[in-house]
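I've put the structures underneath this note.
Note that chain A is present in both complexes that follow, paired respectively with chain B and with chain C.
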Partner chain A sequence: MFRSVKQNFEGMLYIFPSFLLFAIFVFYPMVRTGYLSVHMTDFQGNPTNFIGLEHFRYLLEDVNFQQSVKATLLFVLYTVPPTIIIALSLALLANEKVKGIQLFRTLFSSTLGMSVAASSVIWMFMYNPAIGVINRIIAALGGEERQWLLNPDTALIAAAVATVWMNIGFAFLILLGGLQNIDSSLYENAKIAGVSYMYQLRRITIPLLSPTLFFVTTVSLIHAFQTFGQIDILTKGGPMNATTVIVYSIYREAFINYNFGFASAQAVVLFFIVLLVTIVQFAVVERKVHYQ
Partner chain B sequence: MIELVQIGKSYDGKTFVVDDVNVRIEKGEFFVLVGPSGCGKSTLLRMIAGLEPITSGSLRINGKEMNDVPPSERNLSMVFQNYALYPHLTVEENITFGLHTKKISKQERKKRCMEAAEMLGLTDYLKHKPRQLSGGQRQRVALARAIVAQTPICLMDEPLSNLDAKLRAKMRFEIRQLQQQLGITMIYVTHDQIEAMTMADRIMVMNGGRVQQIGEPLDVYNHPANIFVASFIGSPAMNMTKADVLEQSLIFNRERIMRLAHRFPLETKNITIGVRPEHIRLANKNDPYFTVKVVNVERLGTETLITFALTKKEHWIARWNGQCSVRVGDEVPVTIDEQHVLFFNEAGERLYMGVGDDYVSFRETKF
Partner chain C sequence: MKKLSLLFSLLFLLVGCSSEKTEQASAQPSSEDKTQKGKTEVVFWHAMEGDLGKVLNEIVHDFNTSQSTVEVKPVFQGTYEEALTKFNAVAGTKDAPTIMQTFEVGTKYMIDSGKIEPVQTFIDQDHYDVSQWEKNIVNYYTVNGTIYSMPFNSSTPVLIYNKDAFKKAGLDPEKPPMTYSELKEAARKLTKNGNYGFSILNYGWFFEQMLAVQGGLYVNEENGRKGEATEAVFNSEEGLRVFKLIQDMYKEGTFYNVGQNWDDMRAAFQSGKIAMYLDSSAGVRTIVDSAPFEVGVSYLPIPDGVERQGVIIGGASLWMIKDADEAQKKAAWEFMKYLTTPEVQAKWHVKTGYFAINPAAYDLPLVKEQWKKYPQLKVTVNQLKETKATPATQGALISVFPQSRQRVVSAMESLYQGVDPKEALDRAVAETNRELEMARKR
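Up next, the complex of A and B:
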């Protein structure tokens, strides 16, 4: 009995440092956010009076918030599937044994090493209507120049394209790692059996890569729901709120309008949306995953 | 019939990991490639399968050059060392994998799968996933997959190396039986000389990318072409010792002398002699003999392995039938018939001597 108490204490001692970090940077903010979301706050973010679920009731009717939920869902749709499909295609290419393939592997994963801010600035210049390379190429091909980031119809897509570019590095690297983990003799056996490339892809690669694909999809989804940096730099939520995703809306509510309680309520809603999506991922999609 | 003509493999264009392999494998033959790890046997097999490009030479199957023919058109099947089973497919799907490409009807596929499963005792497991099977059962699934393709040639790359000793012995027999039953040409790679000896019609011993000897197992055992083959085939290994030649005598480490009935050519100075453990026997009354001191005794039940000191530096092993009562430290008289002594030159090649019913006489000597 004495020994087990001592062992417990020892175990807790080992966990303590990481628990402390989590407590300060994750648990406390979470609890605080929940607390603030049911209060009115002053300009410094101090709760003034308890209002219950008033913020949430208001959120349901708020057209702006509905618009930001819609923008977020569209943004997720525009970024996650393209990222996965492009990264998977690149990983399949880079997994071939060709001379100098290492160079391509480095290139394809290089966006992983760039910060969101730096890449956003690069894309901002590329989208620039006057000096941007994108309009120049379109003009050279005889197309119609556009104000990509200032047009409500194209702004969200433009931001999504930049985001896909930024996220490819990470997804590519993880998927390539997954591909390289597949036993080469499985492909050799397929070679001897003489099945086509598409059959191999469908029958061997995708099923055996499914744990990795599942991981990348889940992480990308969560990531996409939490997008902020590139929106702040490229469009500041505009034009006409077309790119105001939930996190940007939270930021604006809290640090521009100083409405911390209302911002916290939005954060709580976002938390439950992400939680729900992740639960659905695990409940529905994971069933199709083949763990070895 | 498979013909390999001066087959070579090089990755960097300079050093050859497989060099100048020439062999003809007959239809229906069980042909074993045997050698230590890294000797190039698996590479050679993979070249025959088409999984590795052939650097030089020519591979012919039934007279047709196959160097640049894709694996699927070589009309062969292959069993991999790790079985290469698809973990997400059932046993049945694994067995019939790829059959659709050969334009075989669904019923025929099902029929072949059932036949193969029955032959290998897998009928109850067709709906299982590979991870639910034991090592031996997975091995059988891999075999079944090779069978259902009904190809005339089957390649196997160390298929038994992941099994325990008892199962291995059983599978040796089963694979051999299967091969004979179906009349397929088998090329089988192993590093285990017991597998090579027990299963093969002919074996090819390889070392360092080069063919050391090709022949029937017993032929290779009795007449090894060089030191490598002599020491690689047989367990316990052949006793080998370097000796100085002095006219008709061999001198071991200046301790023992051995008189021969034959003269060596004058220029021979150093040779290596080899004697199989079973050819060292207890001397009878009238035999010339030499006494040796026993260092270790291993009684295996049916036979006894006796390690004795030939010289201060070298130990030899003798294998005697039954359960001998020799004890460590005993001095025993032993003898060797000269017809069983093999000689190798300094380069390790076999020296052939006129062999009659001569004897060898050892005696202690002091210089």
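Up next, the complex of A and C:
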């Protein structure tokens, strides 16, 4: 009896530092966001009067917010599947035992070392209609030059392409780690059995990689929902709000318009969207995951 | 592994949702009342970047060495919007500055914040003569008869054009277009070989100016000067003319969409992609110096048959922060007075293109000499001098200007997608009205 109390106490002691950090930087802001979302706020972000769910009611009918939700979902669609597919292909290539493969592993994961801000600026120059390399290439091939970031039809895709490039490094590194964890004796067996590469990929690699794939997908999804930096630098949410993803909209409401209450309401909505997606992920997709 | 991935996912989820709340402005070293030398320290937050920042630092340095009681510390805080956000975070604490530079559309916001002391207090105490200031500039910062902030860097919009391109197109480089029809005509001639005639940045300020130059109001209650504005009115005939101009020219193929970035716009002009565009007078000196061709500066074009009313003062002013102690406020006031002397204003004007708050500066030899070299600077001054003081040219006074500008920018962008100008304007007005309504509920 005494032992278990002591053990419990000891356990709590270990957890305490991280709990403290979580409480200060995560739980408190979360509760505060919820609290602010049902209030009007002054310019300093102090709640002034309680208005209940009015912010949420307005959000439902606000075409700009609907546009944000749509832009966010499209952005997720444009970034997550391509990132995973490209990163997985690269990881499979880089997992081969070939001379000099270290060089390629470093190259493929190198975008991990680039900050969002720095890579966004590079892409901004590449997309520039007057001096950008992309238009130059198109012009050299006889195509017509385009204003990639100024056209509502292409702006979101342009931002998504840049994001895929930025995210490949992280996904690649995790997937490569997962691949290297797969027991090599399985592949030896497959070799003896003489199965094709595709069969081996489908029956050995993908099932054994599924926990890693699941992790990468979940994290990438959540990341994609929270995209901010590249939007802020590349398009500032424009043109015509085509790239105003929810987090950018939250930022604009809170820190440009000083509408902290309204911004908090949007943050709460985003929280529930991401929560829902994550629950679906765990309830549906995880069943297919094969744990060793 | 299962638990681990769940934990990680949740962690990302939680941290992401809270990050917009944990952002903190970088704290400044707390301003001590006295420095070692016994000088009163005044912290001055500003938003002057690049060349402008260099000139400002020079002026502050001159002031600090010119006397032995006050030490001004200029601190660059990013763009006007960013500086205001940081100010917002520290207002009322020890880390707040004594002097804060805020852009013109932040005027109502600063007054409503309750964190500032009107400079009128010091003008009265000191019996300072404000009649020496440029009337049109003082006009903007006067609300209900009180001068709230010290005008410092004031600018207006101008038409900037490429004289060499004019000559090549067979146009007279000394006769820039003054009306919409002349502008369209010139743009048609200037559009060729993948280069375009004209451009306006997708930025609310230019729309506001093109509205005011025709005498159009932005919001009701005489632009919010007579009472609290409750409705936006910029979807008037005047506003529609501006939007129609943009769409007509864009459809004709003589107008180039430069986006929302000032640097992109200026780069497009310098590379010859656009031959005419609207810019702030604060950029004139830099453009003239850096363009590889001859640059002309002219007045804002107006619709045919409309009487020119003039332009609204843009730029920024200096605000005294209420919570600073008396000695600091007195010291800050000394610095503000120094800034408005003709000598300092002359230097500021010729090195940047901002106006002299104190018109006596224009009579100084420094300005006269520089005007010979840069006649373009004089155009900007004349345009302001000819401005009539009306509620339209005084500028709108609303606290939700940032929001309203975003709506106007969206409306401008939708013009390039073929949205009807009237529809685009009506939507921007409806959304601005909603913001005004929200602001009243606070």
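Keep this in mind: the second predicted complex is superposed on the first by the 279 of 292 C-alpha atoms of A that agree within 3 Å, B and C clash if a C-alpha of one lies under 4 Å from a C-alpha of the other, contacts with A are read in each partner's own complex, and residues count from 1 in each chain.
Here is the rule we use: a contact is a pair of C-beta atoms (placed from the backbone, for glycine too) under 8 Å apart; a residue touches a chain by one contact, two chains touch by 3 or more.
Because the structure is a prediction, the values reported are computed rather than measured.
Considered on the superposed chain A, chain B and chain C are sterically compatible, since they fit side by side.
Looking at the shared chain after the overlay, A:Ala130 reaches chain C, while chain B stays out of its contact range. More residues of chain A lie in contact with C than with the other chain of the pair chain B and chain C. Superposing both complexes on chain A places the Cα centres of chain B and chain C at an angle of 150° as seen from the Cα centre of chain A, in steps of 10. Judged by the touch definition given at the top, the superposed model places A:Glu188 against chain B, while chain C stays out of reach. Once the two complexes are laid over each other on the shared chain, residue contacts for A:Leu141 go to neither chain B nor chain C.
Using the contact criterion defined above for the overlaid structures, shared-chain residue A:Gly238 touches chain C, although it does not reach chain B.
Shared-chain residue A:His290: touches chain B; no touch with chain C. Shared-chain residue A:Pro211: touches chain C; no touch with chain B.
By the touch criterion stated above, A:Ala254 is placed in contact with chain C alone, chain B being left untouched. Think of it this way: put the two complexes on top of each other by chain A, and the tightest Cα contact between chain B and chain C is 16 Å. Residues of chain A that lie in the contact sets of both chain B and chain C are absent, per the superposition on chain A. Note for the complex: chain C touches chain A at residues 1-2, 5-6, 8-10, 12-23, 81, 85, 88, 91-92, 109, 112-113, 202, 257, 259-260, 264, 267-268, 271, 273, 400, 402-403, 406, 409-410, 413-414, 416-417, 431, 435, 438, 441-442.
Against chain C, in their complex, chain A makes its touches with residues 22, 25-26, 29-30, 32-33, 40-45, 48-49, 51, 64, 128, 130-131, 147, 149-150, 152, 211, 214-215, 218-219, 222-223, 225-226, 236, 238-241, 247, 250-252, 254-259, 262-263, 267, 270-271, 274-275, 278, 281-282, 286, 289, 291. Chain A makes touch with chain B in their complex at residues 183, 185-186, 188-196, 203-204, 207-208, 290, 292.
Considering their complex, residues 49-51, 70-73, 76-78, 80-82, 84, 86-89, 97-102, 131, 145, 149 of chain B touch chain A.
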